[in-house]
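Note that the chains take the letters A, B and C in the order they are written out, and that residue 1 is the start of every chain.
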Amino acid sequence: MVVRDAPTTTLGAGPGFVVRLDAFSGPLDLLLHLLREEQLEISDIPIARIADQFLQAIGELGLNQAADYLDMASRLVRLKAQMLLPRRTDDEGWEDPRAELVRRLLEYQQIREIAIWLGRASERRAAQFARGYLPPPPVLPPPPLALDLLEMLRAIERVIAAIPSPVLHRVVARPLDVEQATRRIEGLLDERAEIGWLEALGERHSIVEVLSTLLALLELARRGVLRLTQHDPFSPMRILRDTTRPAH
Amino acid sequence: MTPLARLIEAALFSAARPLTVEELGALDPDATTADVRVALEQVREHYDFEQHGIELVELAGGHQILTRAVHAAAIERAQFSVRAPKLTAAALETLAVIAYRQPVGRAEIEEIRGVSAGGVLRSLQERGLIEVVGRSEALGRPLLYGTAAAFLELLGLRDLADLPRADELTIALRPHHPEPEGADDAAAYVEAES
Amino acid sequence: MTPLARLIEAALFSAARPLTVEELGALDPDATTADVRVALEQVREHYDFEQHGIELVELAGGHQILTRAVHAAAIERAQFSVRAPKLTAAALETLAVIAYRQPVGRAEIEEIRGVSAGGVLRSLQERGLIEVVGRSEALGRPLLYGTAAAFLELLGLRDLADLPRADELTIALRPHHPEPEGADDAAAYVEAES
């Protein structure tokens, strides 16, 4: 919910500190909360302090399982290091390393404002009921068919993808494409909690593909996005979505 | 309308079924059964007197607002309640194969899609989206299918050239290599031609 | 009410979804678009003037009869109808990005919200609030999303122009691909972190 009980407790207050895990809709939300609590300007974030508080917060909130929060934590730590680098005070070419973070926070804050507006609009609409009784539809000849060009094109792509293409064999040695394999695996795990190794591999089983997929799996496992299991020694590998990730 | 009549009208409108006088009483703890009956009568008379397109009817022991029967024919004709049906994924994919490979036989469609295509082909033909455009020279002389005029009309295309070319799609289309057509069907047609 | 207003009232009752002026025109071959608009206005004014418990609302490009908000609590208490469940913060934020940036791909949504969006995109799509509106030209040709018809219905908006304009927001809307912000301000805070 956008209109929710804002966690008002001060971080680091010690034992008895309880915050709903779903209180924050993401690392940017948590970051904005910390800035608000400390009454700090987004345009001038004391990175060192905020980075420490962020790390402390995700530890206390039990969010340290979530890749999205860890990703932000590592960015903050990197920023903290960059801010500590010595530089000359008259250095005109200096770019504030915080600029990108500031931009993202302002952008996110704006989206939050729109989200709150949308939430209120939907609540106003929800207070008005449509007619509850729906008369049974008349028995009539079926109306003209709806055929959508985009749907058609997607079907065409599915069909073409299913055709074993000899063209692909002419392709000269490709570098490993871990990014694409990562996207494919993440896409599959969005749909199902568990997939098999062969599914993760995709349609084509070239050496390049196998290696890319393997590297992607190991990287994703390291980041806590998924877990790799085997029921028995030498049995097929199962790839499980890490259920400790928060639902979005 | 009185406040209670307004509330009762809103409740009857939002409920999915007829509501009894007792049920309607739950809307307002201060309203007696008699109050509810008076309000119901007010709503009914208002609909009749002001010549609304709806009426308050008593049925199944309760009360419900319904559209007047006199409007039924016009509303049915306008078909508001029916959404246009959509093609299944199987039908779309079969149509895709035919659009890009026409003229194409059933065996080739089945080879590409990996499933039998008889039912889908029949229903596409019934809907006028595909038609038989000839016979293959292959053994058994199987029927060849192509898209019909309705296919382009539904997609809003002028002609088949408006479909994206293969190289515009994510994966390049295999060049058409004519395989012995209808090999699977062959046994059934051994005697057909020679 | 005029005969056309009666017919339109009955049709709006039986459809229970927003109907466009064009759809309503199908009710009577003799009625022009202007006739339909006049009749709609008559129904709306009648409901307001006679203080009905229902009202005619303009939303999602059409017209729909809804109960007045003031009756919601009583109707819910009597359990004749329940409010639609609230959307989660994740769903609202994702809708906000899509509404203002459409057509927009998953990567951009995730970049703005700072969290992965697969699950929420799927559920918004299942509820008919968003739909795939095309593919990006970028590598991998990712799907692009836009808001769908149910989005306006759920929010009670007539069209997307009802969304707050950029200058009405306390934080001004920024260009689509903003420059790194605050670079100029940076010099002022050189001492901040040491």
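By definition in this document, a residue touches a chain if its C-beta (ideal position, glycine included) is under 8 Å from a C-beta of that chain, and two chains touch if they have at least 3 such contacts.
Not measured: the values here are computed from a predicted model.
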Central chain of the complex, centres being mean CA coordinates: C
Relative to subunit B, chain with the most remote C-alpha centre: A
State, to the nearest whole Å, the distance from the C-alpha centre of subunit B to the C-alpha centre of subunit C. 24
Determine the centre-to-centre distance between subunit A and subunit B, using the mean Cα coordinates as centres, and give it in whole Å. 35
By the touch rule stated above, which residues of subunit B touch at least two different other chains? 10, 13-16, 67, 81, 170
Please output the residue numbers of subunit A that touch at least 2 other chains, ranges allowed. 129-132, 134-135
Residue positions on subunit A within touch of subunit C in the complex are 1-2, 4, 25-29, 43-44, 46-48, 67-68, 72, 83-84, 89, 92, 94-96, 98-100, 102-104, 106-119, 121-132, 134-135, 150, 180, 183, 186-187, 190-191, 247-248
Residues of subunit B touching subunit A in their complex? 10, 13-17, 64, 66-67, 76, 79, 81-87, 89, 92-93, 95-97, 99-100, 112-114, 127, 129, 151, 154-157, 163-164, 166, 169-174
Contacts from subunit A onto subunit B in the complex sit at residues 129-135, 137-138, 140, 142-149, 151-167
Contact footprint of subunit C on subunit B as seen in their complex: 1, 5-11, 13-16, 19, 23-24, 26-28, 46, 50-54, 65, 67-68, 71, 74-75, 77-78, 80-81, 170
